[in-house]
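Before anything else, here is the set of structures, which you'll find just below.
Here come two complexes built around chain A, the first alongside chain B, the second alongside chain C.
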Partner chain A sequence: MDIRKTLRKLQGRNNEGTLLLVLLAIVIGMSLLNPVFFTANTAFAVLRSATVPMILALSVLLVIISGGIDVSFPVVAIASAYTTVTILLATGTDVPMVVVFAIAAAIGAILGLVNGFVIAKFRLPTLIVTLGTQGVFFGAMLTYVGAKYFPELPPTMAALSTVNILDFTTAHGRANLHVLVLLAIVATLLVWAVLKWTMFGRSLYAIGDDYEGAHRAGFRVVRTQILTYVLVGVIASMAGVAHITMSRAANPQDLVGGELDIIAAVVLGGASIFGGRGSVGGTVLGVLLIQVINNSLLLVGVPSAWLRAAVGILLIVGVGIQAVSARRKAQRVHSVEDVMDLTVAQRKEA
Partner chain B sequence: MENEPVTSTKPGGDERSPILSVRGISKRFGGVQALADVSLDLYPGEVHCLAGENGCGKSTLIKVISGAETPDSGKIVVDGVGHSQMNTTSAIESGIQVIYQDFSLFPSLTVAENIVLTSAVAVQKKFYSATAAAARARAIVDELQLDLDLDAEVGTLSVANKQLTAICRALVSDARVIFMDEPTTALTHTEVKRLFELVDKLRDRGVSMVFVSHKLSEILQVSQQVTIMRSGKVVTSGPVEEFDTRSIARHMTGRDIEDVRIVSDLPDEAPVQLEVEGLTLKGAYWDVNFNVKKGEIIGVTGLLGSGRTEIAESLFGLLTPDHGQVRVEGERVQLASIADSVSAGIGYVPEDRLTQGLFLEKSIADNIIAGSLNQHRSKWRTLDFRKVKATISRLFEELRIKAPNVKAPVRTLSGGNAQRVVLAKWLATNPKVLILNGPTVGVDVGSKEQILELLREQAGQGMAIIVISDDEPELVSCCHRVLVVTKGRITDELVGDDVSVERIQESMAA
Partner chain C sequence: MSDSSFKDANNRLDSAVRGVIERAQANRSMLRMVLVFVAAFALFAFLNPRVFLGSLNLQNIMVASPEIGVIAIAMMLSMLTGGIDLSLVSIANLSAITMSTMFTAMVTGSGEFNEAMAVPVLLVGILVGVGCGLLNGVLIGIVGITPILATLGTMQILNGVAIVWTGGSTLYGAPATFTTFGKLAIGPVPMLFAVFIVAAILIAFLVNSTTLGRKIELQGANPVAARFSGIRSKAVLIGSYAVGGALGGLAGFLFLARNPTASADYGASYVLLVIVIAVLGGTNPNGGFASVAGVVIATLTLQVVSSGFTAMRLSSYQYAIAQGVILVAVMVIDAINWRKFRNKRPAPMAATGK
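Then we have the complex of A and B:
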């Protein structure tokens, strides 16, 4: 019994254990195929490329746990960051990085509030609303803020873009770990703490599990939902600023259309598209898995066009596993306990 | 909300004061008087049974007390303070908790979380600690000496353990009055015993409990007070000693109910119409074997969630079984889709006729013909309207559907008449085997007997009929044989004189 319990714990409530094994298997397999893969250079490159997707994935995780889906987050991310940069450049001001993040967060919060208000107040399907606002936000940005590509960033941002926490030369060239990786780590820990230690976090799971039931039990569902989408806006804007900083240029067309990778990562990480399930740990593994797969496919020479196809397949496989097991569960009128009772009874008969 | 002190309304001799009193509550929904001048007193440490047939107003009363509905008139008195109405928050704050049949639990959260979260929400907590939650849940579970795995996800629990979780949740919120809707419907004999032991412990704590139930023997076993409702009124109320199962049944229905049993004599050589062999759907039912003869009515019964509905749905092609065979008149039926079953001559009247069996906005005529369009084609494959009309008027007359004419939308019909329309729809297809799931749920007593009579007539004309029901008198009244399903297996077959209410109940609870 104890072994079963430990195994259950290791596997995780959302199959995080299995995901970890798959990730390790790919890393080991790739390292055997191509020794260049198992170096600090590759590790740092994967971490760097995972920074922005990780932060975005955290925002998507919150929405998915609450039983919704958001496709407007890439636009919210780029719109809030690009608008911030445009304001700074237009006014010629240079402010500390904290203020840059604060301005972007404020814009992200407002955009998120629009999503949350429409969804929670009128109880509309989240996919349709965010699909709509995605268009609205993007169009509004191009019209009112601008569509220009800025190759030069405000001085503080430009300065931050070259800061590394680790920087050394190996046999395979320079290996450096960008400072904004820390932002992703801090954001991950924060979201983890919010989900685990606050009533807001627990309410998200309850609402995602059973909206009506949560309402009946006295959860303030409308408030929680609006707050969720505001948080999504804020977290996405952080990712936007990180993206512009790391790419050393502000392009309003960036990130948009990248929903697929992020949602796939979160769903692969065990978050249920039907709500009520999902963990930060699983999401981290999901993001890393997709980055590693992208990286290793490139290393073995798969054309980059096929990368998107691969991620698409992963998304469908991830959702497919969930849907099939959900259907199995719905069909199963007898709980696991009942079936165990039954087998015990059968054994006695025999 | 108006609050005013009210002096004790209990007449002399009894110095205990009720935790909760309901005084002269009335409530109308459109043209229906759901509650008429209903009064009720609940005392600490007492189990009060609220009995009555479907639609008698029991659930409306609970909704009014728990704040889900506002009464038109009357008063709810909690601890001597009168309220003209409650809302869900004030009801919970006053210690009133309702455990609905579906328990309203969160399946993806753990037992501990389910027990603790609602009370944490009620006091508007900001932070949550898993260790503190586990400790609180542990305290209540240990106090009641229950065996619950606090870390298990509620979705994986058995019905009985879900119920225990819901009870613990109510107690964590300092419940003083707990309403339980049909608490024993889905429980086995031992589970019911365990529940009743728990109920005794709760009584010692001074909790007042209200059981809403129609299981007469259990009412007598566990409660101290009985209140019986009929058509929105309290017909009688008093200590349990004043009642026996017979008098409760009489008060519930308003007349003496006799256990009549009218079944036709089946000739020994009657051919087998339906044969089921080794049917298995993992997780739902295992190795199901039975047959139904031409002209025979068999009953299938079992607790809620025993797998009885899934067996029927598999025969109708809704759930594809893992293995096993089904033959109609000796011909093997592919059970891959509904179309396969229908063309093999199997009809199915579902449990929830309003959402699964009828087109509510369409007319009676359209509903009757909806299932048998292929039987009413002309040689050009278009609909043969003369034939359609003949079928509709024949069935409308034969089934004695009470409606001004066949053009009336089904939505306007009463439960009994709506059920007749569903029946008519299937009779129009001339099925060889008709499966009915809960054929008289929500149907008034008069219609019920007529529907059973209709089934006997159809069987007499050579149809094989399967009635799935947990209404024992109904099974006794019309079935030649009764199969009992327990945890997905047919565990008993009652034939002849063994088909009695007592034997069925015994066998089900075993």
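Then we have the complex of A and C:
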């Protein structure tokens, strides 16, 4: 009994334990297959490529916990960052990085406010609304801000793009850890803290679990929903700035179209598409798992074309197991007799 | 005598008009879409009659809409069951790739043989679609995975298979019969458009006049009630996703007939566009209500707006804005009416969004 309890605790509420096990199995398996895999170079490369998806996944996590689905976040990310770069380049001003982030965050917040207002005020399906606003934001950026590709960034951003926290040469070449990985880590910790310790985080789970119930319990549902989408806009804009900085060029067509991949990573991380469930830990594991698989496939020599199929299979298997076990649990309790049987069985076990 | 026959005709006309109006009122979203369609058409016809009303432009609208429309009808079908199907475009591409590869592998010098192969190739393409649809149906109906996640997964898998298969490049080669078919027209109506309309009529018949259609509707309206009414949900779900898959396969054929190339990433923007069309056409994204005619008109409306924007020399980016504004505006107007008609009772829970 005790073993079972500890096992259940290790498994985690959203299957984080299982996910961690799969991740570890892949890492160990890959290291045995190809020693090159278990190096700082690979680890840093994975962290670097996971930075932008991780920050975007955090914004998706917030929406999914609140019971919605947002497909406009990549557009919000690239639109706020690209607009910021365009403003800076057009005016020829050079501002510190903090200001760059602040301008992008302000734009992201405004776009998020539009989403939140329409969704919360009119109680519309989130997927449909964000589908609409996605088109509006994207079209507006390309029409009124510009559709040009900027190969040169403002000086501060260009300078930041080459900064590494760690930079050394190993037997397998240069290994460097980009400074913006820190941004992803800080954002992750902040979102974790908000979800765990603030009233806002609690109301997010409450609304996602049962909108009407949360409303009657006195949660300010409209305000929380609007704030959620504003926050999503701000977080997404951070990802946008990080993406443009790390790719050392501003392309307005970037990121867009990858929304479903990020949602897949978050769902893989155990967040429930019906809302009310999901954790930062699971999301981190989901994002890392996809990046590690991507990297592994390349190392084993499997064409990266298989990545999409691999993620799809992983998603189906992961969600399928959850669905089957949830149904088993639901089937157990159907009538008073079932409940009696269950309690008897539990007593026997004890 | 002539007076009474005139009166008779008048009465008949009156009742016919009233019938049309009643039916239209019963189907408010349909009427709304017809109004938007007429308004959009009139606006662009007024702004730039020479280009917009030109036969070339009208032909283009009818040639471009079938592939999107067929996928939108398939999307409507899955929404009718209370689900969603994100894998449709991937299914269409996979079917197009299968047909193209199969044809290229079998192609010989003799033109007659090539012509004879067109029908079997088409059948295989549609079977590929049905197979993918069955996979979706099994995952959703039997395994019990939420539709949006199951089809998100199969979308990635099918798309991945297509990328691996083609190596990421574009395949050339389709039966010449397909291409000639794509250029055929009955009078002013292109054959492709006729295929779209026939498919729409068949699905409308399936939904409105068959037991499977009624079961699909009930399943979407209230899955628990459907189960307790003795409807075998698993079979209904598998059936409706298989039909959706067949439509996806048909869309693959339309891709090839319009343009004899197949690639893994064709029509990537269609995935979300067909959701927009289905919802504009009056489909309830939570299931239980849909109208094929509404979806057909929504498809044409978006195509009219798109070509109208081209005729006005506006960019495709501006069209993207218009598309989004139309969707959000229609949804918001709907939401406002709901509250007034229902005595300010809260609207049904819609925030889950599926």
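Methods note: the second predicted complex is superposed on the first by the 308 of 350 C-alpha atoms of A that agree within 3 Å, B and C clash if a C-alpha of one lies under 4 Å from a C-alpha of the other, contacts with A are read in each partner's own complex, and residues count from 1 in each chain.
By our rule, contacts are C-beta pairs under 8 Å (C-beta built on N, C-alpha and C of every residue); 3 or more make two chains touch, one makes a residue touch a chain.
Keep in mind it's a predicted model, so treat the numbers as computed, not measured.
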Which superposed partner A:Lys196 touches (first chain B, second chain C, both, neither): first
Partner chain in contact with A:Arg277 - chain B first, chain C second, else both or neither: first
Touched partner set for A:Arg308, first chain B, second chain C, both or neither: second
Partner chain(s) touched by A:Gly213 [first = chain B, second = chain C, both, neither]: first
Greater chain A contact set [chain C / chain B]: C
Chain B versus chain C as contact partner of A:Pro155, first or second or both or neither: neither
Chain B and chain C contact sites that coincide on chain A, given as residue numbers: none
Residues of chain B defined as touching chain A within the complex: 88-89, 92, 104-109, 113, 117-118, 120-122, 125-130, 153, 155-159, 161, 281, 283-284, 305-307, 310, 319, 487-488
Contact footprint of chain A on chain C as seen in their complex: 86, 139, 143-146, 148-150, 152-161, 163-164, 167-168, 268, 271-272, 275-276, 279, 285-286, 315, 317-328, 331-332, 335-336, 346-347, 349-354
Chain A - residues contacting chain B, complex: 13, 196-203, 205-206, 208-210, 213-214, 216-219, 272, 276-277, 328-329, 331-339, 341-342
List of chain A residues in touch with chain C within their complex: 67-69, 71, 118-119, 122-129, 131-140, 142-143, 147, 207, 211-212, 225, 257, 260-261, 263-264, 267, 273-275, 303, 305-313, 315-316, 319-320, 323-324, 326-327
